[in-house]
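Paired with chain B in one complex and with chain C in the other, chain A is shared by the two complexes that follow.
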Partner chain A sequence: MSQWIAACDVEDVDLEDVIPFDHAGNAYAVYRSPDDAYFATDGHCTHEQQLLCDGLVMDGVIECPKHNGRFDYTTGKALGAPVLVDVRTYATKVEDGTVYIELPP
Partner chain B sequence: MVVVGAGECGTRAAFALRENGWTGPITLVGGEAELPYERPPLSKTWAHKPICDDERLRAADVTYLPGTHATALDPHAHAVTLDDGRTLAYAKLLLATGATARPLPFDGAPVHLVRTHGDVRTLRTRLRAGTRVGVIGGGFIGLELAAAAAALGADVTVLELADRLMGRAVPARIAQTVAARHAAAGVDVRCGTAVTGLAERAGGTVISLADGTSVEVDVVVAGVGAVPNTALAERAGLAVDDGVLVDASLATSAPDVFAAGDCCRFPHPLYPGRPLRLESWRAAQQQGDTAATGMLGADEAYTAVPWFWSDQHDLSLQVAGLAAAATDEAVRVRPDGVELWFGLDAEGRLVAAAAVGPGNAVAKDVRLAEMLIAARVVVPADALADPGVALKSLLRRTPARV
Partner chain C sequence: MSSDRLGRYSLAGPENRAAVDAGLANGAWYRSPIPRKRMKELMRRSDMPAVRDTAIWVGLMVVCAGAGIALWGSWWAVPFFLVYGVLYGSASDSRWHEAGHGTAFVSRRLDEAVYQVACFMIMRDPTASRWSHTRHHTDTLVLGRDPEIQAMRPARLVRLLGNFFGLFDVPVAFKALALHVGGRLTADEADYVPETERPKVYRTARIWLAIYVGAVAAAVAFGSWLPLVLIGGPRVYGTFMHIVYGLTQHAGMGEDVLDHRLNTRTVKMNRINRFLYWNMNYHVEHHMFPMVPFHRLPELHEEIKHDLAPVYPSIWAAYKELVPAVLRQLRDETHFVRRELPPTAQPFNIPAPVNDGRALPLATATA
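Moving on to the complex of A and B:
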């Protein structure tokens, strides 16, 4: 039974930016798009497990800070070498100024 | 389609040919008798990381010939001869032969040159806590190995000829920060120090210095540059000048032959003057992609801003653009203490940026600077220096075009 976990306040993430969120020993990344929608993915790049939260968010894409592997943060899709494996995404919702992400049990 | 050289560049090109729709044969010829692997981890963490496995090569229907060298190229006959006696006919050929670690100009004692997985495997077995290591050359490879050896408890001395580390690739203040980090880790960094000779003694190897003193070590490592592998191209009559000469789309002087990666020298639109030869992972990767599209008939220039990184101890150094092309500079000190260096040309255009910080702390800012460089933006130096001005906002300004 998946659960909604409170990740951060809506204002914790700048517009078109990303912050890290850790829960139960796992790392996640929470994104705020330029039009104020929130998204979440696994926190590690699928290439060499670098933390995505240190990377640049621009035009719908998160770039891994290490080798610039690019993912569409709204779908998790890997956009080309060196990243070949999509990054896992999680559903999000905003309630009362808090961003929640839906995590598996 | 034939690709000679199975490093980062050649391997990328082989896969890119298939990804871009080539349905015919693709042959990837590699001199090393193992799967293609990443070079950057070798000097940083001694790690061996294959770029792909046999399954991926099979899935892309790339014929991989490891442990095989090309010995002759006949551009007229469109054929390349291999050292196993076979001849491969090609419609298009990519030379991605890379470079070889430059040897020291003198003998006297065994020296470890580091380029391949085999080199690193051998060096690693010689290092343990207390091993005295002499690193000749304070460039990226030498410094990464110095840090990696220090992490194993080795007693490391770096001997650099110039008055500072990493030469013109990195601005002085960044080199200083890096030198301080090595010193804090117990590495003895000696700049302005010329090595004049090596001699084996009972207690170890004696490295003689120009000032008349010497350093005794157990292991000597040399990181004094890399020489592009251009012999095949030269023998075939291609234009070569410290690299196989190519045009903006990476085509050589011979029809249907391309060259890319560490072995090529190409004109860069952002840096007029002498064509560049870049020795970086990113350039190898991206040029492999560009060469592949060129081989398939596209007329696409390689224009990416040069970029590389170096990991030493817990720091990651990143440089975008060419630091040597800057005539002016601006420095931004971030609230976390990290310094971002920006290099400007005489017209006030950003041409380079460099920074060093823990982990991936500098990646985002250097990436934004890279975009500013690509956009040929003229940015006021005070805006660059002001930590209150978001680099992203500078990107979104209407650039002043000259």
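Moving on to the complex of A and C:
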């Protein structure tokens, strides 16, 4: 059964930005969109082992800082070379000022 | 001579596996610390600088080509075609580079349009060279992994010098074009171009071949070299500046290290050279932070220069170092340029004692 894990406080992430979150040895990225919604994906680019949290967030897209691999962080969809595989996304919720992400068991 | 030694640079040889086993492939490269908020500012793109520069670039080419055509048959055409040739055969390299990174413009369409045109001019397939350059950034100067090492150890000196006029690169480009037209890749390309991307390579090659056949047909039909002076020819007579700039990037520097401060140069250049080269003279900064657009690299340099080896004050200063280094490497493959960091810098990021920047024999590198 999946579990909701507290990832950060709502103010830890700037609007249209991303922060890293580690849990049980895995890296995740938590995003805050311009309209104040939160999203989460795997922490690494699907092209190579680059942390997405160092990339640029712009117009619903996260750009990998190394090769400009681009993903729609709301759906995980890869938007073209050099990323050809979608990044995994996770459901999020906000309760009492805390952002939770839903992780598989 | 050195075909066996230079074979170590092949992506299809055993050095590739050795680099993976040694942890050098897709390694953890050093990056100078920059606060996240400042980094976000530096990564922000603007269309304005690239639109302005592209208008000047294309505008100058149109004016010079027009003047050259009008003066065709007279020596007065030569300076116009020289400028046209450098804009076509040299400046296209930096446009290929910046637009290929997707950082020149905010607009992806503008990036892609400039990229496609520049690829044609510099004779690099858009798809294969995108993947090649991606690998260059992942594994900069890692033997068996980086497909874009210009000055090997020992350097192929005749090739390096000949390429000031495209004498090797252009035939290689046409050989690759012929392979691509036939639906095949080179051995190195097969290592880094994914299967799903390969049809794009073949399609582009067929379009380019049609353009070149058209240019040759026009030259024959009009009994004039002019069509080839305008299309394709500049990659020979105007390409020397892209080699002048390109050699400053990594020639003579350390191999198999995971720190761009060891294997890359930043060189101060004047405004004209920075226009032609689109600020790629800030090359250490570009490799550390590839998503910073060309127009913000001078700011990035100011931000991290305390953490870098001293900048080279001119192209001349870089060549005073790289020419003797490359010549010495002809007889001593272990030689490389050793950079000194200022006291304010973080120490070099050298992953293991055997990977100290020298071109080591395979057995040693994997010991």
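Here is the rule we use: the second predicted complex is superposed on the first by the 105 of 105 C-alpha atoms of A that agree within 3 Å, B and C clash if a C-alpha of one lies under 4 Å from a C-alpha of the other, contacts with A are read in each partner's own complex, and residues count from 1 in each chain.
One rule holds for everything that comes next: a residue touches a chain if its C-beta (ideal position, glycine included) is under 8 Å from a C-beta of that chain, and two chains touch if they have at least 3 such contacts.
Treat the numbers as computed from the prediction; the structure is a model and nothing was measured.
Peer 1: Looking at the overlay on chain A, is there a clash between chain B and chain C, or do the two fit?
Peer 2: Superposition result for chain B and chain C: clash.
Peer 1: Looking at the overlay, what does A:Pro82 touch: chain B (first), chain C (second), both, or neither?
Peer 2: A:Pro82 contacts both chain B and chain C.
Peer 1: With the two structures laid over each other on chain A, which partner does A:Leu51 touch: chain B (first), chain C (second), both, or neither?
Peer 2: So A:Leu51 only meets chain B here.
Peer 1: Check the residue A:Glu63 against both partner chains and state whether it touches chain B (first), chain C (second), both, or neither.
Peer 2: A:Glu63: touches chain B and chain C.
Peer 1: Report for A:Pro20: first if it touches chain B alone, second if chain C alone, otherwise both or neither.
Peer 2: So A:Pro20 meets neither chain B nor chain C here.
Peer 1: I'd like to check the shared interface: which positions of chain A are touched by both chain B and chain C across the two complexes?
Peer 2: Residues common to the chain A contacts of chain C and of chain B are 54-56, 63, 65-68, 81-82, listed in rising order.
Peer 1: Over in the complex, which chain A residues touch chain C? Could you list them?
Peer 2: Interface residues on chain A, with respect to chain C: 17, 47-49, 54-56, 63, 65-68, 70, 81-82, 84.
Peer 1: Spell out the part of chain C that touches chain A in their complex, as residue ranges.
Peer 2: 26, 36, 39-40, 43-44, 101-103, 127, 130-131, 134, 137-138, 194, 196-197, 289-291
Peer 1: Could you pull out which chain A residues touch chain B in their complex?
Peer 2: 16, 50-51, 54-56, 58, 63, 65-68, 81-82
Peer 1: Taking the complex as given, what residues does chain B use to touch chain A?
Peer 2: The contact residues of chain B facing chain A are 12, 15, 281-282, 285, 289, 309, 359-361, 363-364, 367-368, 392.
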